[in-house]
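Below is a structure I'd like to ask you about.
Every chain is named by a letter (A, B and C) in the order it is written, and numbering of its residues begins at 1.
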Amino acid sequence: MKKQIQKRIIKDKLFKIVIILLSFLSTFPLFFILFYLIKNGVFSLNFEFLINLPKPVGEKGGGIANAIVGTFILIIISSFLSIPIGICVGIYLSENKDKNLSKVINYFVDILQGIPSIVLGIIAYLWIVRPMRHFSALSGGVALAIMMLPVIIKSTEETLNLIPQSLKEAAFSLGAPYYKTILSIVLPAGISGITTGILISISRIAGETAPLLFTAFGNPYMNLNIFKPIESLPHLIYNYAKSPYPEWHQKAWAASFILILIVFTLNFISKLVVKRWKVRF
Amino acid sequence: MESEILRIENLNAYYFENHVLKDINLKIPKNKVTAIMGPSGCGKTTLIRCINRLHELSPGARVIGKVFLHNENIYEMEAMMVRKKIGMVFQKPNPFPTMSIYDNVLSGYHLNGIKLSKSEKDRIVEETLRKVGLWDEVKDSLHRKGTFLSGGQQQRLCIARAIALSPEILLMDEPTSALDPISAAKIEELILNLKENYTVVIVTHNLQQAARISDYTAFLFMGELVEFDKTEKIFTVPSDPRTENYLLGKFG
Amino acid sequence: MINLVSKKEKKKFKKDLVFDILFRNIIFLSGVFIILLLFAIFLTLTFNSFPSLKVFGIKFLYGKTWDPVFNEFGALPFLIGTILTSFLALIISIPFSFSISIFLGEYFREGKISSLLKTLIELLAGIPSIIYGFWGLFVFAPVVRYIQIKLGITPYGVGIFTASIILSIMIIPYSASIGREVIELVPSEIKEAAYSLGATRYEVIKKVILPYARSGILSGIILSLGRALGETMAVTMVVGNSNFIPKNIFSPGNTMASVIANEFAEATGDLYLSALIEIGLILFLVTLIINLIGRYVIRKYAVSL
């Protein structure tokens, strides 16, 4: 009997060890990747790298300014398109929980979230690039906006659901119209959750390449015109990595480092937002 | 009986299939404190929510009947207009968490789109906060968020918010049940002061509170208005056995 | 008779009513927009696949040849590449995501160690796919090449195997987080009942927690499969980009997503483009079905409390 129990105890301890081991082993790639990014990327980083435009192969120097600016422009376009709609849908879903239409919309939002980003690139191509007959930042922004929508919708809905009914009732009892109640009282009370959702969705699309391959397309020059092709950090990394030139590989490492910095910073800021801006009821 | 300000006629209220209020007929006297009491589920909260037309916002809610405020049937008016004229204070203090104390007091004006000059705003804030006895406590921190106050202070802020609009009637739904005894006592004192300028209808399950502060009492039981009379009379010689049983604590 | 509401007030209220109706309509229409958007996406893909559908029909799904020069398009190599990489990635990832779920859901629910692991996994999930691909190509593929040399097989470095490994790392956070949620939700009463009968922690996990959380864990796995199917950039960079059916897991290959990524921008000719769009349509439908199955599983088989 004692042997039996001993066996079981050993199994128990072993299992725990295996679980802990495998769990932390899963995080090794993170360190691996960061290590290489820093090792290969950091020392090509200097101010010129961030400010200059790319130079043709063979010429020294050159930077990724167009890609950095491009990424920000794409973020602005897709945010402009997705945030208003996303918040409105989130408000609708939170205010109409029991309606059948809400259930359908929720379903569709989930489906939207699962669409592979390359497919959204095809859609933006067919809807915008083809009629316009050329690539553009706008089409890239549209693809990214569709990607941002589900995250913004869900986080808005979940945030608003947490706001107590009595706040709305207090506003109504003062004679407030419905739209004022939602816009002046409810939305501000949920600002931290909504902003977090926006920041998270931005950090996701900042690193997206697939939907930009045949929409924003890429551009070796600086471009501020949304109707023309534009470079972005992830796309530049892809281009340079694929190329046969070691100098470009070098730049790709540095650009990757910058990209990860941006993505991680956005994530970090979104956590801060939750802490600092959280409204207490 | 003194002049009435509110007349409720054959009021029936429903929640889906539940008949929550049955044929209520009631006259609320002006500038007095009227208490509405009764066991849990008797419909007292629903009754006051019918007065400021908040009840109809709940899913499945229906109201049939007439409520006259100064001889105008509020059910034939726009609900928003009614609510502006009638103030409400809730059980759990709910100051707007994103607004300062200053803005909370003025929130009624803001939400109704009424523009005020800075001096008007300052005047209203000071007057109202003085009326609720908060001015001295918060005058140096008017810009702070309302949620930093204690429970009792928050509730007084909510009362200030309600009376800043000079409502005809002030409805209170168990305003002290979430507060400590000392804060509760302060609010009761405040209510007694308020009746000079306002008419107060207060829902309470606290018999002693009703006896202390109200001039008139209505007793509701299972959706029906059983008795309505001067508080003194109800508490000493109730006419209906159900009232008597309630007062003796025979049911919750 | 006192006039309750002044004329000016009445005008203002009328304006508010109008705004109210406007507001309600705007949020309603935005909800409808989502429905229309999804239908529009589906219809666009289908409509633009027609040229290819008309020419190839069902042969598209089992055609082995992908030849843009002769306008012969069969998607089988990509279907196989996708299935191989995704399922391989899934199998490799399961022990790890499973461990994380149990680690965070049962052993270390709160505290510093828990926060640490949570943060690390979140960071892992936050790494853009292109960086996984880039790192995979320049750091990981050489390792695989080395192993292949040692094993005496063609040292491509890139290929189905490499892509599967990278993919598995990427999908671990997804099934891990869903698994953790359901494991956390297992009611303590039934766990305590098992403990009070003398079970060890391992036994409680194996015989009580896992069966209870089984549908959620399964659903998490299915959903991470959906994620794997649609993953593009990381796979594109390390899968080898060969449009032929891979001979074994060390061969190069291509997935549906990666062939689109590689060829769409330069596709000339309507049939070529349409064939690629049709692959996009298949990808859309496959991920849709997988996601729906995942949601269905969690709904149907979740143990009711």
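Just so it is clear, a contact is a pair of C-beta atoms (placed from the backbone, for glycine too) under 8 Å apart; a residue touches a chain by one contact, two chains touch by 3 or more.
Remember, predicted model here, so these are calculated numbers, not experimental data.
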item	value
Arrangement of touching chains [line / ring / star / complete / other]	complete
Top chain pair, ranked by how many C-beta pairs fall in contact	A-C
Distance-to-centre winner among chains (Cα means, whole assembly as reference)	A
Chain at maximum distance from chain A, centres defined as averaged CA atoms	B
Separation of mean Cα positions, chain B and chain A [Å, integer]	48
Distance from chain C to chain A - Cα centre to Cα centre, in angstrom	15
Whole-Å gap separating chain B and chain C, where each centre is the average of the chain's CA atoms	54
Numbers and ranges of chain A residues touching at least 2 other chains	177, 180
Of all residues in chain B, the ones touching two or more other chains	80-81, 84-85, 112-113
For chain C, residues that touch 2 or more chains besides their own	16-17
In the complex, chain B residues that touch chain C	69-72, 77-78, 80-81, 84-85, 112-113
For the chain C and chain B complex, residues of the former touching the latter	1-2, 4-5, 9-10, 12-13, 16-17
Parts of chain A lying in touch with chain B, wherever the complex brings them together	98, 164, 166-167, 169-177, 180-181, 184-185, 188-189, 191, 279-281
Residues of chain C that touch chain A when the two form their complex	16-17, 19-20, 22-24, 26-28, 30-31, 33-35, 37-38, 41, 44-45, 48, 95-97, 99-100, 102-104, 107, 117, 120-124, 126-135, 137-139, 169, 172, 176, 200-203, 205, 226, 229-233, 237, 257, 260-261, 264-265, 276-277, 280, 283-284, 287-288, 290-292, 295
Chain C partner contacts - residues on chain A that touch it in the complex	8-9, 11-12, 15-16, 18-27, 29-30, 32-33, 36-37, 85, 88-89, 91-93, 95, 101-102, 104-105, 108-112, 114-123, 125-127, 146, 149, 153, 177-180, 182-183, 203, 206-210, 213-214, 217, 234, 237-238, 241-242, 249, 252-253, 256, 259-260, 263-264, 267
